[in-house]
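Same chain, two partners: chain A is paired with chain B first, then with chain C.
Then we have the complex of A and B:
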């Protein structure tokens, strides 16, 4: 049977490809120097010279958006990778160990789940410090419970399967069982979660930057650009449009990609 | 039933302990000396040392934790050094603002997601379903601060329907208060829609697919009656649980709209605490909000236990 083409998958892939392409292009070409101020040209309307206009210092908005895309993707990918690695390890350990240790670990994860995202991120940034590293770590820690829970339930489910019992019977270590025998089966769901989580991470990073707790000036970030635009938004509404649209496309793209992958790989394999 | 109840209570207590522990330990790691922060950089070392002793900072960390938790249980949440007031008093002052915004936005989100989610599930793949799924995706992806700015521009500045910023307390009239929190609540509600529509739609789809719907049809019940009497009742559990959790989480998630719309709520208090490194205040806020999340999720679980006959009679819910 021919599969129906998934709209989410296509749309998500296109949006993510657009943003990644913009990020890559920024390394070889940007319309202008994103840091260069031009006070004569403050709040220029979008036009031939500045495709998306200029900000309150006369800096080219398009160039700043392009440079900021590097940091958004860097923080998104790094934080989710760190969170996924740590979270998966914790979840797998809890499921394989069993006993008191399992309850202790899972109650701990429950506790972390009780923190609203922005609250946990703000608290962690207070300790870890503002800036890129602080954001990556804070968002990475925020991602741990999601991946722990996912891997925990998958490992528990797989533990009952015959192939795991077979591996146990010929003396595989627990680590080998998880890494060599279970991981291939868990990979589709992990990749799906990875993609959706990047969307969430980019959103969280931009929220931190908006509050002045994330990426620090002069490094541009979409959240900070919007935070600066807020002071002038009533007089110059157009400066708030472009960074928001790009941010929306990024988050929506990764979310749709995650949903699309989920429809394609996870739901089919569970049937 | 009783066994289940006791187990659920114990697990809530354990999570509460974990939450308070995480909060305390994480904030203990803040670089810098708390006593120095309170007194400022000009303070003499003797004064700092004396205050350290008075604040109990020389004790081992577990004694400090027990002191703090003991105080919290007795109602003494410590004194904020920025405001010079009791943390509990500050929380009580700010809570009405945050709570009314959170409650209104959840009301909007629950009503809209129930209508959209149920109709979308009944008419799967129809234009309405596509609309619901679009709202769901946008709700999950729209940055709240951007949406807040757009709403402010259009509804407050251009149309003039709502005040641009500021909060009018309930004492100055219900209508004025409602108008001042309407826009922030809508912004938060759209974010919540992303989560809630997904849950409502998928639990409704699952319910419609169950065997009891087939037997209702076999015994000749009109579809509408079957949906209202069986499907809706079975589909309502997951959304109730999630809505409760989200309401509690919103108490800690309002910081962005409070900043943009200049509302004097808990979120702004927290931002001040983070910026000024007011550890006592931050500890208090974080503990308060996470405890609310744990308690609300306990209460919603208890409600679900009371509503769901399968759990009430002590059987495990059969889900296939």
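Then we have the complex of A and C:
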């Protein structure tokens, strides 16, 4: 069957490219120093000098959004990578081991999944400490169950396939079977999940920063910018708009990209 | 289809992000329409019901078993104290009609008003007053230590004699604080939820986390203007403002940025007064760098105080140069001791051996957005002279245990509320004080403060306090910022709402213009 060009893949890719481009540009150029206060110029309206206006300390909002994109992507990518690696290893191990150990591991993963995301992340941050490292670890741990369950089910499914039985019959180790034989088949779905998870991770990081548990000032973060803007939402509503929209584009972008990839690779390969 | 699901998830995420900013505004609008029409129909006659916002639900209505300022704001209207406070901090008669202090200052005699009864009809005589104070001195009272110095005896129906074990020159003010309220001890166990006092108002209804309604005590000895007062719990500032505008509330407390919207609006009055308190950035002298007075001076030189107050408090504050609020009579203006001069700051840092810079840990209490902002502005100024601040925002409970009690910090921004007597404000600078979270130690200050309590000559006491103020302004164990200005906005019909130097509302004096 010939598929039409996927709308979500294109839209998602464009949005993600936009954010990544903004992040890359921030290393080379930013309109102003994002942490430099200019108290004489507070709450400036968007205009020629400050494209998106200034915040309550007179800092340039565009520059802050640009710098914050680095941290959002860093935390998003690192935490999902860590969560995916650990989660996949746990899931694969459980599926290959079988027996009591499998039940114990998977029930534990189920237990983790039953916690609401933000609650689990808040608990972890309290234990692991605030700041960027704490956020990465907390969100990474939060990502483990999703990937464990995914890999667990895929490994179980593949275990019944003939090519695995063949590999077993000529004496491959379990690790070799998973890494060399199963992984290529599982990769598309993992990539799909990876992309969607980044959107969730970015949103979770923003939530933590919004609550004051994530990135600490003066380093900017979108969630923190929203939380600061909230104090002035009656007098200066516009300063909350820009970080909100950027966060929206990022999360929507990664979700659409994940969906597009899913349509492109996973569905086609399974049909 | 999967696409739809993904789109929906993305949009939900976006909605969540946006609602983070919008959640404040939305909750207020629900019930406003009804009360607006009600107030419109009553314009012909003067209103006697007032609505006021409270940010926190009181933790019970027993004034002798709480330490929460928000609770005293309400209980002060249900209970009476022997003495009451004027807006300038001087004392006037309350439940006691007159009072005398003996020659040696050790005996206080209060003459009570006759014929006063509690809300439940029990007589409030000398015996009841003594019993009430004995409950305040009991072991489970948070103020027991403050009143341990006093012995109470009843003489006849209407005289209470207080004997002090040690001379305390501030003894009289102890009988004006809201926690010294006279309660009916025969119902002591239920005071928390059914308060019984002698005050101008009695409790009508209390729906926890929603509202608390007081109604007029018809037997009160003084004029009480309003029939009912309803305190509505509304933690969010934006919803309070929306409710004031819709007429659902008559009085709210606002911050400096919000007040601008009400200026020059004939529908509203702004009530403002400098509060009896100070805000500062404390420094921990246990830190090696901060133990050097030159580094502390450099920090004081490095920050532009007026610009800080303008940025964070929108100019609603009076700059200070020492640990003393501008409203008390012993205040000395020491603002010029180290005025803004970043070059001088760099010089001093270089002299102290920190020419290459210095890194300090700054902790800011999350519950106070103004302190969090102030910390960031100060950190930005300090960066200019080479001091890097690592900021951590902490929960209030963590701040109290780690920073204030644990003294595990370098810099922190916080406020201190004043009392009627200067000693309480300054006592924390004694070397061995448990509240000396600066780890400050100066024998001269220790001597002045220990001498203060037994000095009977008021002029000399004032001099001693002023000396301490001057030493602190020189030594700067903190960066003293300002005495904040308290701001309230009322609808223009509200009259008689005033701000007191202790954290109370005096609702009996409030009325509506006809």
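FYI, the second predicted complex is superposed on the first by the 269 of 271 C-alpha atoms of A that agree within 3 Å, B and C clash if a C-alpha of one lies under 4 Å from a C-alpha of the other, contacts with A are read in each partner's own complex, and residues count from 1 in each chain.
In this section, contacts are C-beta pairs under 8 Å (C-beta built on N, C-alpha and C of every residue); 3 or more make two chains touch, one makes a residue touch a chain.
Not measured: the values here are computed from a predicted model.
With both structures placed on the common chain, the touch criterion links A:56 to chain C but leaves chain B unconnected. Of the two partner chains, chain C is the only one touched by A:42; chain B is not.
In the overlay built on the shared chain, the residue A:206 is in contact with chain B and with chain C.
In the superposition on chain A, contact is made by A:107 with chain B only, not with chain C. Of the two partner chains placed by the overlay, only chain C lies in contact with A:218; chain B stays clear of it. Applying the stated contact rule after C-alpha superposition, one finds that A:115 touches chain B and leaves chain C untouched.
When the two structures are aligned on the shared chain, A:231 is found in touch with chain C, with no touch to chain B. By the touch criterion stated above, A:127 is placed in contact with chain B alone, chain C being left untouched.
Of the two partner chains placed around the shared chain by superposition, chain C is the only one that A:258 touches, whereas chain B remains out of contact.
Where the contact sets of chain A with chain B and with chain C meet, they give residues 199, 203, 206-207, 210, 212, 223, 226-227, 229-230, 233-234, 240, 244, 247-248, 251-252, 255-256, 259.
In the complex of the two chains, the chain B residues touching chain A come out as 11, 14-15, 18-19, 21-23, 26-27, 29-31, 137-138, 140-146, 149-150, 152-153, 157, 164, 249-253, 255-256, 259-260, 270-271, 274-275, 277, 282, 286, 289-290, 293-294, 297. By the touch criterion stated above, chain A contacts chain B in their complex at residues 107-108, 110-112, 114-119, 122-127, 129, 199, 203, 206-207, 210-213, 223, 226-227, 229-230, 233-234, 237, 240, 243-244, 247-248, 251-252, 255-256, 259. Chain A contributes residues 7-8, 35-37, 39, 42, 56-57, 130, 196, 199-200, 203, 206-207, 210, 212, 216-218, 223, 226-227, 229-235, 240, 244, 247-248, 251-252, 255-256, 258-259, 262-263 to its touches with chain C in the complex. By the touch criterion stated above, chain C contacts chain A in their complex at residues 2-3, 6-7, 9-11, 13-14, 16-18, 20-22, 24-25, 237-238, 241, 257-258, 260-261, 307, 310-311, 366, 369, 372-373, 376-377, 379-380, 390-393.
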